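Input: structures, listed below.
The two complexes that follow have chain A in common; it is paired with chain B in the first and with chain C in the second.
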Partner chain A sequence: MSTPNDDSPKPTPRWRAFLAKSREFAPVWTLLALILFFSVYSDSFLSLENAANILNQVALLAIMGTGITFVLLTAQIDLSVSYMATFAGVVAAYYTAGHLPQPWPIVAALLAAGALGWINGVGTARLGIPSFMVTLAMSLIASGLSLYLTRGRILFELPALSETLGSGRIFGVKWLVIVAALTLLVGHLVLKYTRFGRYVYMTGASPKAAELAGVNTKGVITAVMVIGALTAGLAGVVGIGRLGSATPTAFDGMLIDAIGAVVLGGTSLFGGVGGIPQTIVGLLILGVLRNGLDQVSVDIYMKTLITGIILLAALVFNILFAGRKEA
Partner chain B sequence: MDTTSPLLELRNVAKQFGGIQALVGIDFDVRPGEVHALVGENGAGKSTMMKILAGVIPEYEGTMVWKGRPVRLRNPRHALDLGIAMIHQELSVMPELTVAENIFLGRQPLRAGTVDWARMFREAEAVLAELGFDHVNVREPLERYPLGVHQLSEIARALTSGAELIIMDEPTSALSPMETRHLLELTRELAATGKSVVYISHFLEEVTWVADRVTVLRDGRKIATLEARKTDKQELVRLMLGKEAAFFEESYMSGRDVEDPHAGARPVLTLERLTRPRAFSDVSFTLHAGEILGLYGLIGSGHFELGEAIYGLHRPTAGRILLEGQPVPAGPRRAIDRGVAYVPPSRRSGLFLEKPIYQNVTLPWLAQISGLVPQVPKEVRVTDEVIRRVGVRPPDPQKEVLYLSGGNQQKVAIARWLVRPPKVFVVSEPTRGMDVGAKEEVMKILHELSEAGVAVLLISSEPETVLAASERILVMAKGRIVREFVGETVTKEQLLHAASGELAEAR
Partner chain C sequence: MGKPDISRRKFMIQSALASMGIVAGPAFLQTVRAADGKNRPLKAAFSNAGLQATWCAQGKDTVEQWGEWLGVEIHWYDGQLDVAKQRAAVDAMAAKDWDFVAIQSLSIGSLVEPVQKMIDKGIPVIAMDTMLAPWGKIKQHTFIAPDNVWMAEQVTQALVDAIGGKGKVVMTQGSLGHTGAQGRAQGFYNVIKRYPDIEVIDESPADWDVAKVAQLWENLLNRYKKIDAAFFHNDDMALAAYHVIKNAGRENEIVLGGIDGMPPAVQAVLDGKLHATARNSAARIHWGALVAGYYAAMQKEMPGKDIPEFILADGPAILPPSKEKTDKPWLLKGYGIGAGPGLLWQEKHFLA
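Up next, the complex of A and B:
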């Protein structure tokens, strides 16, 4: 009955199930361990106030990270998000200073970011340029546009909406945190409960198989690049409100944290696995780490090094488990 | 002449792969200056044997003797150092580099630590001239030349690296008739200068023309070693197939009425002079509703590419594909919407192994099943029905495809298209690597579909597969349809004969 072929049913190996579970939960354990560690070694860490602090600190990253989650799920990457955020902030301030009535400066900012994202998408999906190359070029373009519009100066005239969302409060809660939570929520709903979301996962899991099943994979990839740009743009528009000004390099430095947070959460760099819940965990890991290192007496010059090492560890972990995919 | 001591010998070589006996008790030898051909069906053990000869498989039972001394090759590098070079079917050339660089890939002549270009060009020219190809400019990128020259540069590489034994794996499968002829002549010339060649090919006419001796493998065993001069294609096919050939002679295509069963049937799919360079050319046929049309060809004959073209995966450069009289626009989505279904030859490329069965099944139909917001319970219900129909075990829509056996994975790939019965069902290698039971189940599904009026195009490189299910069989060789069998008793032997090409014709 059974021949040498591979046709007998394979039982689900227990080690594989265990690995799958640990892949899912390792970031959560990491987060809990970090919280425990800082609670023990710092008196000021474990408090409601500090928790609110952490949320506030990661809010901008969360907005950007939502879009990056979409991008990574299709096995692409976007290295231009932080520069597009800066650019969107500059556009919003520039047109406000130019007396364009509200909310048009903000609309213009989001449209401008979306257009750059569309170029990223077309370059990746239609022209076949690796996304890291296209978006690397785009980071220079966005950065260049920011410098050109501002002539290197700082813009202080901001849209009122940016100021409210960036630094205002409602019922004692920062608007910024609410915007971040809403962005994450919408991202989650789209990914988990829409046909488009399913296409995103399937395209990332296997572009070839998705194409064979009639999925417009090029369209999906273009769309996620636009989504990545739009959330970056949103981060820029509210971010200037938080900073109180738009500078030509305002958010440039957030790139590594934004991508790092998504990867720390466990979203695969190879696509198809992960999601917004993972991203939230990743954001919290990064936030707790940054915040906690400030609270304990660590050499201030070691902070970046420690963060880097933890990010590297997360990447190694990510690759190790992705490698098991084909086993 | 039998007293010539062999250059290379295999003595009682055997190899197992996880309980499957790939080779058993192989004795084989190659004499200096000899072209020794190796023939057999897919899975007969040719590639295993060739990998052992080339050092790719270092673990095996038995002995290899090189120039009278027992050796155990550790890796391909070791084989090359001894003088055994292998030319793969999938060429390992760098098209962007110059011809000369390709010939000296990885061992360019150096001068003071830098590449000695002048010397490299000189030596490349010399070796090509020796091979009779002095019209090739070694300074040009290889990509400017046809595939025949790519092949040639690999041979030149083998020669300049001091190879005494060259293993050629299906060297002519991608070559034009002209190039094939040049290659065969070149192979004879190599032998005349004392080099030995192990020549692996499906094209039996070529084999009998070029080889001194032919060894036939079947089911991992050596069946015979013959003088090429004293054998012919018929005998080789018979030996390759063995006793069962007699059985196949009667058993197939008698399932249905013989006299052109679809004389009155409605044509569904028509191909008109379809051409795509390096894949297929001038292919025309009509597929009828309720018919299972077998499309048989050896690997590399262009039949799989034809299936892809019908599904809109790539555009042919000439000719038309008409579905119910209307041209089909490119792209799988449009093909699906028009009622074309497709199962690719490698099931892994069509499935999401990490995803549950239901997501694999419903992906093409998400819009139809539940609009903008997928409703998982509904998807699971739809999936449950179709996977039970094709007999996926276990019939659990939530289970990841990864955990299913190969046969059951294949059934998932087919089940997907039962959600909405297609008009045309293109299936490539639906039963490869399956056990007999699973094969029969898949064939039963195809029959049921055809009885329900679906036009099935069954594409395979396994003669049994097309014979078992088809009423009409087209045979492709080197991108063209070379034979059509309708309403007559066909044997595996005839199929193989037709597909293995007429050398005289090819010239």
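Up next, the complex of A and C:
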């Protein structure tokens, strides 16, 4: 015989609630552990100047990562973003060298990147080609276009706006960081507070359910591919200003870091889970790790190995701490 | 139907002449074409590390210009800065016949099989910049390369002289597995070890990647409040670091040097942004390979007999013009002018 007390829901113990909350913040604990580690082992790591330095270094990844977050949330992937960033930078420099009035070289760069993103979207959503394959092909197209336009040369004539946004400061803060923060903010607001943002999550979580609910999933996927390309293009346009030149391979190597940072923060590769706050944490984990290893004395032949081990450890920690939710 | 107006003997003679003409005609034409050099009778295949690299692109432009001058038809197989992709490209190259081929391998030993296949077919294979295989493993026609150790020594010495033989120095390396980078690191240390008051504070690699250089140097500038000089394994990395250093307002504190002597870097030396560079002549290596191949095809020069196994493609160190005023310029290094302006002209005309 049951008593009335047996039927009522048992209150969740406080420690369990705390643990559940802690699990959500697994990447944050990883980040704090890294900060603590490098603060102990390096004299130069824990300073305001270096904190600003880390923000500068993750800024381009942040711009690119905003678009990648949209793409991953729909359970797609874009392997062409870093090559599109290079391409956009090359287009902006190419037309600047060709004396096209400003800001048209930048507009042309963003339009070109957006057009390539649209092709990615159409290929994925309308033609049904896996985004992995479409964007892999697009990475070659973007890379080939960069090479064709530069003929293997480095372009040093850059749009003034790129130089300002890439290297300039306002009130002591780099424009690059401000552009990155604004991009992340807009991305967050769109995902969190707009209907389109909800459609992105719905499309990634369950495309069939989303379609039954009346969501144009093909349109959503095409749109996120364009957003991914536009943020990559913006990263390229600003990035050439940071480097002081446009080379045919300038940002190609950022692909793994950009996708890695988003996933490291907790955005699922399988769609529907994650968001910009998670991306920010992932970016900071990667930024702190890369920066920290340069601040401590590590055998150069060991640096890549150590980076890999710490990244793997961070991922394992995230997954274990999060109760294998997204494994 | 009438009988053809031709005797059997006449038919046989005419047929024999026609056959001889078919066989001998192209050979005769080829000789004539070779003499006038306009119709490109020779077919050559080239592959270098990857046209994304400015050095390689300059090499390709040089070969195409010299090919036009010498009448050699050039076919290009891009390595795309990827060992596997270059292997696939050279595999494709080996499936065809060539009068000669020239290859800059991304990695020693990665192209041995297709290269051996071409050598077995009697095609002269010229190695450019990087060895195709360890010495003696394959019978390449010749090997044309710069002296990476010497170039690094020249630039490092110029940097050491500029800081008075003491201070904190950084070496930013290319890829650690790259033989050129290893030679440049060796040259750097050959000089540095003679100066006990110099401390090497960082020697991290940036893998020839300008984005990595920017990140590495932002960290170095934060970590070290004083850096006196920096040696970079190539000019592209040196120029990328200069941009970061200038943004930090420390461009007057750190003396920079690179290698390759590409036009933007030579100009940077003349403008005072870089202190030194050394010319790793993409032009000399590439046209040298073309000329070696031309002689192999046309004059049948034999490896080890008519052409040595190694040819040095040397290039000068480029330093700022001398500030000394004298009426005896022949007593000054580079006549007091330095190699810069002359090198820029030569590069523009595919000579050095």
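The rule we apply is simple: the second predicted complex is superposed on the first by the 285 of 327 C-alpha atoms of A that agree within 3 Å, B and C clash if a C-alpha of one lies under 4 Å from a C-alpha of the other, contacts with A are read in each partner's own complex, and residues count from 1 in each chain.
What we mean here is this: contacts are C-beta pairs under 8 Å (C-beta built on N, C-alpha and C of every residue); 3 or more make two chains touch, one makes a residue touch a chain.
Keep in mind the model is a prediction, meaning the values are calculated, not measured.
**Student:** Touch check for A:194: first (chain B), second (chain C), both, or neither?
**Tutor:** The answer is first: A:194 touches chain B but not chain C.
**Student:** Which holds for A:272: it touches chain B only (first), chain C only (second), both, or neither?
**Tutor:** The first partner, chain B, only.
**Student:** After superposition on the shared chain, which partner residues are touched by A:290: those of chain B (first), chain C (second), both, or neither?
**Tutor:** second
**Student:** With the two structures laid over each other on chain A, which partner does A:202 touch: chain B (first), chain C (second), both, or neither?
**Tutor:** In the superposition, A:202 contacts chain B only.
**Student:** After lining up the shared chain so the two structures overlap, which partner does A:53 touch, if you call chain B first and chain C second: first, second, both or neither?
**Tutor:** It touches chain C, and chain B stays clear.
**Student:** Identify the partner contact of A:99: answer first if only chain B is touched, second if only chain C is, both if each is, neither if none is.
**Tutor:** Neither chain B nor chain C is touched by A:99.
**Student:** Would you sort A:212 into first (chain B), second (chain C), both or neither based on which partner it touches?
**Tutor:** Only chain B; A:212 stays clear of chain C.
**Student:** For chain A, which residues lie in the overlap of the chain B contacts and the chain C contacts?
**Tutor:** On chain A, the chain B and chain C contacts do not overlap at all.
**Student:** Would you mind writing out the residues of chain B in touch with chain A in their complex?
**Tutor:** Chain B reaches chain A through residues 19-20, 311, 313, 332-333, 335-337, 342, 344, 349-352, 354-355, 359, 363-364, 366-367, 370-374, 393-394, 403-408, 416, 433-438.
**Student:** In the complex of these two chains, what residues of chain C are touching chain A?
**Tutor:** Spelled out, the residues of chain C in touch with chain A are 51-54, 56-58, 60-61, 81, 173, 176, 203-205, 207, 209-212, 214-216, 218-220, 222-223, 236, 239-240, 242-243, 247, 264.
**Student:** Note which residues of chain A are touching chain B in the complex, please.
**Tutor:** Against chain B, chain A makes touches at 1-12, 193-195, 198-199, 201-202, 205-206, 208-216, 272-273, 325.
**Student:** Using the touch definition up top, name the residues of chain A that touch chain C in the complex.
**Tutor:** Per the stated touch rule, the residues are 42, 44, 47, 49-50, 53, 56-57, 143, 147, 151-154, 156, 167, 239, 242-245, 247-251, 253-254, 290-291, 294-295, 300-301, 303.
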